[in-house]
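Naming follows writing order (A, B, C and D), and every chain is counted from residue 1.
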């Protein structure tokens, strides 16, 4: 199925459509030039119109067309689409995504397959080449489709900022403390009784995910394998009373000496394949560097950039305790760049690379 | 002037009485066994009754007796008391505190004199011996009184937690990210427009203070000098939408290998001179160690301990990237242990040691 | 079983012990002079120690003794106590409370029986005499025990403030808009995603409850019947990002002319039977009147009074559009005066009146 | 000076440009088809570039062109523009606006002139005809220019919702309780220490303004006079922890019987002159009526409508205590429809009516 030249769009299905991240897909795909939502799937909502099934929590209304779609059961035997986005709960995702991958391309926000050796975690600007492992995945698993994942929402901003720094200075150790938005916990998620006038200094499994996924995403692709990056990552994850936007304070130790102004330029000028290919959801600048002393801030910077929510915003870039170190603060929109937006950009990349047809 | 045996209490003055920290003194000294507020001083409020002058913001009302005190001008020529607490703005404090110290003991929460080589920053459980520098201070400056300071509110919790760990393992590097309450910025302080649904990733001068003060507080006293501790501290300071309680995520690199369970016990069993002397404001346990995965939390733990707000609460103690490291989260009440409470405890110590009579 | 003179305390059971309101009972009864918790009951927690079963959310820890109590199943056949407090979910309460009432006194925070004609809704300062309907209740239902309820947490503050005004001026119409704390929705209750930087202008069934319950509570007891007060109440209920404390703006139309200063005195001097009997949980003043223009405020005033959380705080008393009207703002602590505290005070009253032995 | 047909835009000046409302003008006029900002004026910022002078607090950056404009002093002798918007502090506005009105059209968000008998408070959909009083104003005051004001931000939403209801049912009494956003207090405005986990039940002078302005706005224009509407308004104003959007619970007593469904339709179908003239800032629907039980909500609905922030959102329309009453909840964006947006729409109207050339 082709795009452009008057041809029709790819039919897209969203699994887990009524959840927090699912709702972002509705908005982000509303006017997408290549993809059109044709199927919505959900366990509890099956049989109802999306507009009635969903407990919509965005500050915009769901698109009218989407509201009318009847949510269908998650059934790999009966459903067919050119592409399946999955934002299912992890416990369900393992089985379901595997079944769909027998026949169809699956791009997943879920953690279920992330750490499988033949499944890539893709941030298109960083490791587009990891997509090549799809070939091995198909061959070894006997799938006609495939599974490609995106990282945990907390990993995303960190990995994007680390990539150009690692290329330039060889990052050895990373100490990161996060201040994460409540939307990262889904809906209903964090009870207000726990978070008003408070910080919760713990998010289950999050610190391990950030450490592991970062090493994989920033790894080399070689001989059909993803070789983990050997940087070490220590994370402390906290929940703060913020709606959207994960803020992270990062301290980096490097092999090579770091010049702060140079590092800022490296971050600022970083571009990836999505920018080169001018993919529809690619922000002009993957990383926005701010010079003000008190930025980035979640409420004010989370929707930055030419594609709102898709740029990572870095600020407070400054030297660390010695010349082989750097400190900075990074913000990324957790449900856009950290979930639905990154998955859509990944799907655009895979389409351009020929993995989705 | 003696205490106990039926003798009267020490007359105490508070300079900067109507500010945020000043208000804490009113409450903490209300029923103090040794000290009694007799003078309140303030620049803008002079001439008015405290109850009318103060823009009181606590969730309790000011003590009736205190409300009736007429605030007097800050005038070292005319005011006399056994002890002066100062929580003046830094720019005013430099001159005023110096003048009072000519004749009187001054215990200050302000940064003005903190980094003077002959002025100690005292956290009574950590470095009571630094008080001895008062002798040199008096001799060299020709003061009959003296100035003793307390640390910045952000330094306090960190320093308390580091002390026993440094003693046991020799701390080399500290990476700390703070999530600080709005009360730390005083009143009116942080505009609500900036902090609702937001985090501000910057607090002016705070990171430098934390690094410098920690090294001084944890330094050795030798030959009438405070020799700075040679640990290195890198801080990232953030403001979060929390009323009281500074939360800090700490990563520590040590010279000696760390055993996590042992480290917890070391923290738990740490005691200082205030506990030994049973000072009125000394908490039974300077450090409370919690085992739950999601503690300490500002709203739930800031008033912990036998003297509410005076214990530092540590949680999430866990190993770092290797055996010579440790991670934990620490909370301290910024206007109590981090300001007024620590100053009162310091005054109690100095009284017991004979520096205040 | 007697109290005082060295005799033992009444054995008290709490049904629904692990919920939000249940947790308040643990704290409020910890040092109660008459009542001692001996049984905790809960559906999902049965078999576990309370300390392990409860998702404790207070800013204090549960009492050690209570933590060790093994939660038992809710089973009227096997449980015996001198008094049963119930804070069960409404759907469970109907059946369970009825069964316990066959043999035992039940004091309930739940709505299940509130509107039954032979069951009183008691706020001890307002309508102690409604307790007499217990005699009819026992006779007609054949119960040895009884059920007495407390009002919805939103009704409480309003009803307390209206009572003395109605006695003095004959209230005809009440227009009330509430701003309610998230703790009123229980735990997990209101998702933080819905309430940060937001107000939710609706609480299910709340407006009807406020209108109905107020009329019943302020009704006359006559010929073994509670005759509803004929004032009319129109309520608009909103949820705001506040932890504890329901704030309500009230406009009252009266039959008689109102003098504002007189009305304030009437509120200020209001006392009820609990004050006369000096019940342990009775606040010295049921109503605190504040004169400042900007009080009461939830965070600063919710724990006011001689028994924290048991006084209702009224402020901004001012005339309405004409002389037969009055406006004011009222605050009450929703989980204390609005739930557990009011129930305990009611039990104290019923004990003194001889209904509990 | 004409617009369209290739002619240039009107030169517009903003007085008080660096304040909260001033910043909204920058954004709203950025791509305005008729108006172009050519002058920015401010007291403290004079001489600096706007981009350097302003403490910008929006979640978008100021337009580049505007950042470069050098803020000039407020000096009616030297400044000339086709139109002056004023969002000066009230105490300054009185003198300054009067001086500019000698020569120029002034559209003001400030309260200084609002209650002058010959100055209209205009909400273009409601009382466009009040603009005619400009003729009298000019004649009597000898001004070549004029002053037209917009209402207080809290009055706006209420007045818009009341207008069609008053036309249909003759509103007699209005009881309104507001929950107002912190942006309504300007910058720095409400200290975070006062509003986190809290509500402040008082806003200085606000209740009087709401009552007075509503009666004037909804008054008749007759014989060159604005005859106040005789409805009576009782308001209770509260500040809540919300960034933008004033929410108001309204109870209305009417002369005629109200049918709820009919009332909803009347609100929904209400249109004014701006819609007829298709003014650039006129929302398609001045009033959006929502049927969900829990709407409008500030965070989710404040940017509703075809021109974000310009529609008033009404929900929870329901009957009151009798047939001659109605209850509803109304939301309006306080810095857009309640300030800058309404002033711009007013200027568009005045331009179309020929008062600005």
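In this section, contacts are C-beta pairs under 8 Å (C-beta built on N, C-alpha and C of every residue); 3 or more make two chains touch, one makes a residue touch a chain.
Predicted, not measured: the structure shown is a model, and the values here were computed from it.
For the interfaces C-D and B-C, the C-beta contact count is higher for C-D.
For chain B, the chain whose average C-alpha position is most distant is D.
Here the CA centre of chain C is 43 Å from the CA centre of chain D.
Separating the CA-averaged centres of chain A and chain C is a span of 48 Å.
Centres computed as Cα averages put chain B at a distance of 41 Å from chain C.
Looking at chain D, residues 57, 196-197, 241-243, 299-300 sit in touch with two or more other chains.
Taken together, the chain A residues at the contact with chain C in this complex read 20, 57, 182-183, 187-197, 241-243.
Against chain A, in their complex, chain B makes its touches with residues 173, 175, 177, 179, 196-202, 204, 232, 234, 236, 238, 240-243, 247, 249, 251, 293-300, 315-316, 320-321, 325, 327, 329. Those residues of chain B whose C-beta lies close enough to touch chain C in the complex are 57-59, 196-197, 243, 299-303.
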